[in-house]
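Going by the order they are written in, the chains are A, B, C and D; count residues from 1 in each one.
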Amino acid sequence: MAGNSIGHTFKLTTFGESHGEAIGGVIDGVPSNFNLNLEAVQLELDRRKPGQSAIVTQRKESDSVRFLSGIFEGKTTGSPIGFVIENENQKSKDYSHIKEIYRPSHADFTYDKKYGYRDYRGGGRSSARETASRVVAGAIAKQFLKFLGIEVNSFVSQVGKLKLEGDLTQISLPKEENIVRCPHPQMAERMIDYIKAIRKEGDTIGGVVFTRITGVPFGLGLPVFDKLHADLGKAMLSINAVKGFEYGSGFAGVEMKGSQHNDIIQSDGLTATNHSGGIQGGISNGNPIYFSVAFKPVATIMLDQESVNSKMERVKVEGKGRHDPCVVPRAVPIVEAMAAITLLDHYLRNKMTQI
Amino acid sequence: MAGNSIGHTFKLTTFGESHGEAIGGVIDGVPSNFNLNLEAVQLELDRRKPGQSAIVTQRKESDSVRFLSGIFEGKTTGSPIGFVIENENQKSKDYSHIKEIYRPSHADFTYDKKYGYRDYRGGGRSSARETASRVVAGAIAKQFLKFLGIEVNSFVSQVGKLKLEGDLTQISLPKEENIVRCPHPQMAERMIDYIKAIRKEGDTIGGVVFTRITGVPFGLGLPVFDKLHADLGKAMLSINAVKGFEYGSGFAGVEMKGSQHNDIIQSDGLTATNHSGGIQGGISNGNPIYFSVAFKPVATIMLDQESVNSKMERVKVEGKGRHDPCVVPRAVPIVEAMAAITLLDHYLRNKMTQI
Amino acid sequence: MAGNSIGHTFKLTTFGESHGEAIGGVIDGVPSNFNLNLEAVQLELDRRKPGQSAIVTQRKESDSVRFLSGIFEGKTTGSPIGFVIENENQKSKDYSHIKEIYRPSHADFTYDKKYGYRDYRGGGRSSARETASRVVAGAIAKQFLKFLGIEVNSFVSQVGKLKLEGDLTQISLPKEENIVRCPHPQMAERMIDYIKAIRKEGDTIGGVVFTRITGVPFGLGLPVFDKLHADLGKAMLSINAVKGFEYGSGFAGVEMKGSQHNDIIQSDGLTATNHSGGIQGGISNGNPIYFSVAFKPVATIMLDQESVNSKMERVKVEGKGRHDPCVVPRAVPIVEAMAAITLLDHYLRNKMTQI
Amino acid sequence: MAGNSIGHTFKLTTFGESHGEAIGGVIDGVPSNFNLNLEAVQLELDRRKPGQSAIVTQRKESDSVRFLSGIFEGKTTGSPIGFVIENENQKSKDYSHIKEIYRPSHADFTYDKKYGYRDYRGGGRSSARETASRVVAGAIAKQFLKFLGIEVNSFVSQVGKLKLEGDLTQISLPKEENIVRCPHPQMAERMIDYIKAIRKEGDTIGGVVFTRITGVPFGLGLPVFDKLHADLGKAMLSINAVKGFEYGSGFAGVEMKGSQHNDIIQSDGLTATNHSGGIQGGISNGNPIYFSVAFKPVATIMLDQESVNSKMERVKVEGKGRHDPCVVPRAVPIVEAMAAITLLDHYLRNKMTQI
């Protein structure tokens, strides 16, 4: 009810504020008797970590996860996995200058109105720091998916107006070879340069993360309200700064005719085209699933802005601190995590379809 | 778990297949002691009904709803509202020609794979006929929202390439004056002509429904996973044929800089711009909420297509029957219904924030 | 949230008031591709029906169920099963004499206080008439359980002070041979005579229903909060007039020492004794599950009583109308239904334990 | 789905095994803007702690709780409260002697069968150590209830055959003055002596905890499945070693006639008698709520027993280690905690009843 959980069978509940003692979570419904690679979890956290490259925030957090339960001698027991990531910098910084200020396009104002009280340090619960806990659960989900032959790959397809064109589902995915996480080397370079220029301006820019999921069996997803793409969409829209979600033909599909858009099923069960994005009637059809997620420009900028304080008096918000000039490079592992959690959840839910 | 419910406090569960005995649902968590206008519910159903105009399917169903419980002498009792809409045509039609055929871009194949069995008549549970039950619950939710001063208005903003330009949030909304439900009279005429042409071709076309919600108080929505826009997005993506959802600046916001995108809060608490779409950190901020929903072209076309049968042999699917050449005119009340259900659910959830 | 649903995977939501249009429900999560015997469902309803014998209420309702969805040509489709039971007598009776009266030990007062409004006709939503919908879902659950080799049998073990002694788990269960549903013929006769005498007094009496579930596989139930017996207990306590639940050794087990109470596991995996009632740590261990449910005397009596009206003025409540002198004979199929729903729900939930 | 959460609005999810790194939990839905007394939480943990007196286990754990989130400068923020209690002794003990053994009336066998793998150290997840996390959440719930004027008091009413007689609801409750937590001084002494004798035998004994809740407003609880007493019953049955639950007249009420059992409502809205236990139709009626919970004798005894190992070979289980001879003294704060969680959850749920 209070919104800090996602998933039904494989279920993540997170806790923690940007500058509290620690963040963490509980993963319930982890299938038992499965060997987990805990180092792989840390590697996923490292992909999301601040300070990892020249185009992300230069804050330093080691973001090392400590597992407290649910794993015994390397194997899952079926009991919930509790974990924490300590907040190392929580006392080092003075946030008193924003204590009474509602920053533009941040959640300061809405939290204060809703809760009557707020932890103002670094955005408190509204900070994207919370997504580290999602990456932990996602990294675990990925290991189950891998065992099932399902692979989730995300990459940056757009930064500002710099946009990969063509059929993104056909791009071959080498290992992540650049800091912006775009698989097209020339475009990646242009994106990196652009983000650096944006940073120099003290400004920020939006972007798009594209995701392709392969190896999905038939039958994941449920009709009516819990359609697979509806749950994927909700999972993506729950990520900080996301403004849009489209799958398959998406918004472009609007301009197509039915005779063009319909995917002809072939005798191997796969479809000749895949405008449906691997999902029919909310249920996976065995073709790759793909979708795009739009991120707005980060709200924290290095330029002075006008706003109001908690007495609704006009004030100036100073541009200072460390921030991401563009969120999408660090968002890639978060998008993958949310996709993996959703897929595994539906994989388990699908087990109950027949007696 | 099986995906036929939406909402947490104000909760709709639907049942029924396209050509079964009846469709219907149960609405649980209806606030008590409230006068309901049951005729207004029927009027909303009439907005969605087949056969209502020259640009929608010519099937005939009266779609009259019968309420079975939860209302006593015109007032809600707090007990669940059960309702049914009889399927009048369920025995009149012979569906044996598609019994063994998987139609392209329909859910025939995925249902068969998932459930091992399916009601093939008119798409069974996957038919958009189910959305009539959503309109019933939405029409009830709207009455509570109206009491709270919240208004939900949707309209058609795009059909194929015909697209309303400019700031859609500024369009004044007269009563629905045309059958395509586009508030711009000239564009409406072009859309109607275009849909008629498409129908003549035996083809179908996609479209976009735009929604604006006004009078929303501060504080609806929850942080982290149940952000207000995440739940709106899921609700919209659960509607048949939807391929995308964006709110506020949406996909276009990707190309903006933070300094442009940030909404400056003014001394009245409202923001100078509203790129955020009325939601910050998942919580309503008092500004209008607005979003767009992309619908693909309807899969049923009047042209012959190739496909496979249940033995995975290649077959021809004949183009026959009655269908919608473009789904968006009838989708308008469905989008409004899903938005209303989501808003009322979050209104009630918000009551638990403080003791 | 509003409390009209039970189960997680196999989930029943009910609606309907005693004297509204109809009662009914939606069963979601019904495993697909399974042949249902719909006549067997009606037979279970007949076991619960008023007017079936001389010791139950003489009200007449045919209680015939109409299935609206989820079943196609006799088989489950995996879509939700909607059903209704029309209220035949809803207009025939005048309830104006209790319109303003709060009857003793009925829910009139609490409903009015909670909801600010109530359907006073025959108790409205608080009437045990609602349990007919549970029997429908239970009768369906039983068919799946039977397929799995699981059998649920309930019988009356106590009426007032008349109590079956000895090890109830050892009683052989012939077909229900008497109207009080007690498997011991002499005791049954005494119970019947006693209930008839109670009825003549215009009074009512309580009783106990004992249940034994055989053929339960290992592993049903979950640790911690959703222990199998905790969910069984909740299911039983949700039945009208229930005041207590005990399983295995129950309240008597309190007086035992650990050395007596411990069930020694034998080499076939079963235990020498079964004080645990077939459940260890919340999880079934393969032995029979058994439990007792205590029902208070029915609140409606034929004797005049004092009470208050809605203005909190003292009034006399006249003893009139038709009622059950003892609820347990008709409660037997309800208890079985709730047990069957809970067992099937946990059977399905158990499927997600391992990948 | 995996059973490690309780509550809908005020919701506790726990994690942790007896001898893992740490136990802990997340409390979601904590009302915001409320001053919490964290020392009072620790005092409740101390009431449950091992080693606190001569009649409980002599294991030593400091059981000190560390709060990680959701509280800022002493006040709740509305964000989830994450907390951990480190397991201090987790490495000190060798459990290899029970690694392959299924102890009688423990969950070793059922966990192994269900999960295919288990953490055998001290019972792993099935250990009652998990209840410390419940006491943390309960202690927080109690503070909200106190603010609302609701008080929950539990005490020991029976140990073995030593049983408090008479109307337990009339017992005046002084501060806990003895280690067995029975409010009758002479009976307390007898119970303490009896437990000491049982311990000397190397055996264990069962008991009953009685609970009275005062100051409950009208309207808590929901009709049909989520009746207040059904949720209380489930909460109690989820506590380790519980075999039965009864509220109001309970099992004794079975022998009463309706004319005796009915509670006559008086002009102040309270009832002359309270056989209903403060709940009518699942909803609180303003009278005190009271119930009893039966605990079996602890399964760990100091006597040798027969059992089987994981190969289903007969083995002897040696009686050694430290254990509770009777669980009820330490169960008192756990019962109170579960009652408080349930009451606060329903208090918040009740807020959505009317618009």
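Here, contacts are C-beta pairs under 8 Å (C-beta built on N, C-alpha and C of every residue); 3 or more make two chains touch, one makes a residue touch a chain.
Note that the coordinates shown come from a computational prediction; the quantities given were computed from them, not determined experimentally.
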Chain D reached from chain B - shortest hop count over touching chains: 1
A-C against A-D, pair bridged by the larger set of C-beta contacts: A-D
Of all other chains, the one whose Cα centre sits farthest from chain A: C
Euclidean distance of C-alpha centroids - chain C vs chain D, Å: 26
Separation of chain A from chain C, taking each centre as the mean of its C-alpha atoms, in whole Å: 46
Distance from chain D to chain A - Cα centre to Cα centre, in angstrom: 39
Residue numbers of chain B (touch at least two other chains): 1-2, 4-5, 8-9, 14, 29, 32-33, 78-79, 114-116, 125, 223, 349, 352-354
Chain contact graph, described as a line, ring, star, complete graph or other shape: complete
Touch list for chain B against partner chain A, complex: 1-6, 8-9, 14, 102, 104-107, 109-111, 113-116, 125-126, 130, 158, 160-161, 198, 201, 203-208, 218-219, 222-227, 229-231, 233-235, 237-238, 240, 243-251, 253-269, 271, 275-277, 279-285, 294-301, 303, 305-308, 312-314, 349-350, 352-354
Touch list for chain A against partner chain D, complex: 1-5, 8-9, 11, 13-17, 20-26, 28-30, 32-33, 66-70, 72, 75-82, 84, 114-119, 124-125
Complex contact set, residues of chain B against chain D: 1, 9, 29, 31-34, 78-79, 144, 147-148, 223, 348-349, 351-355
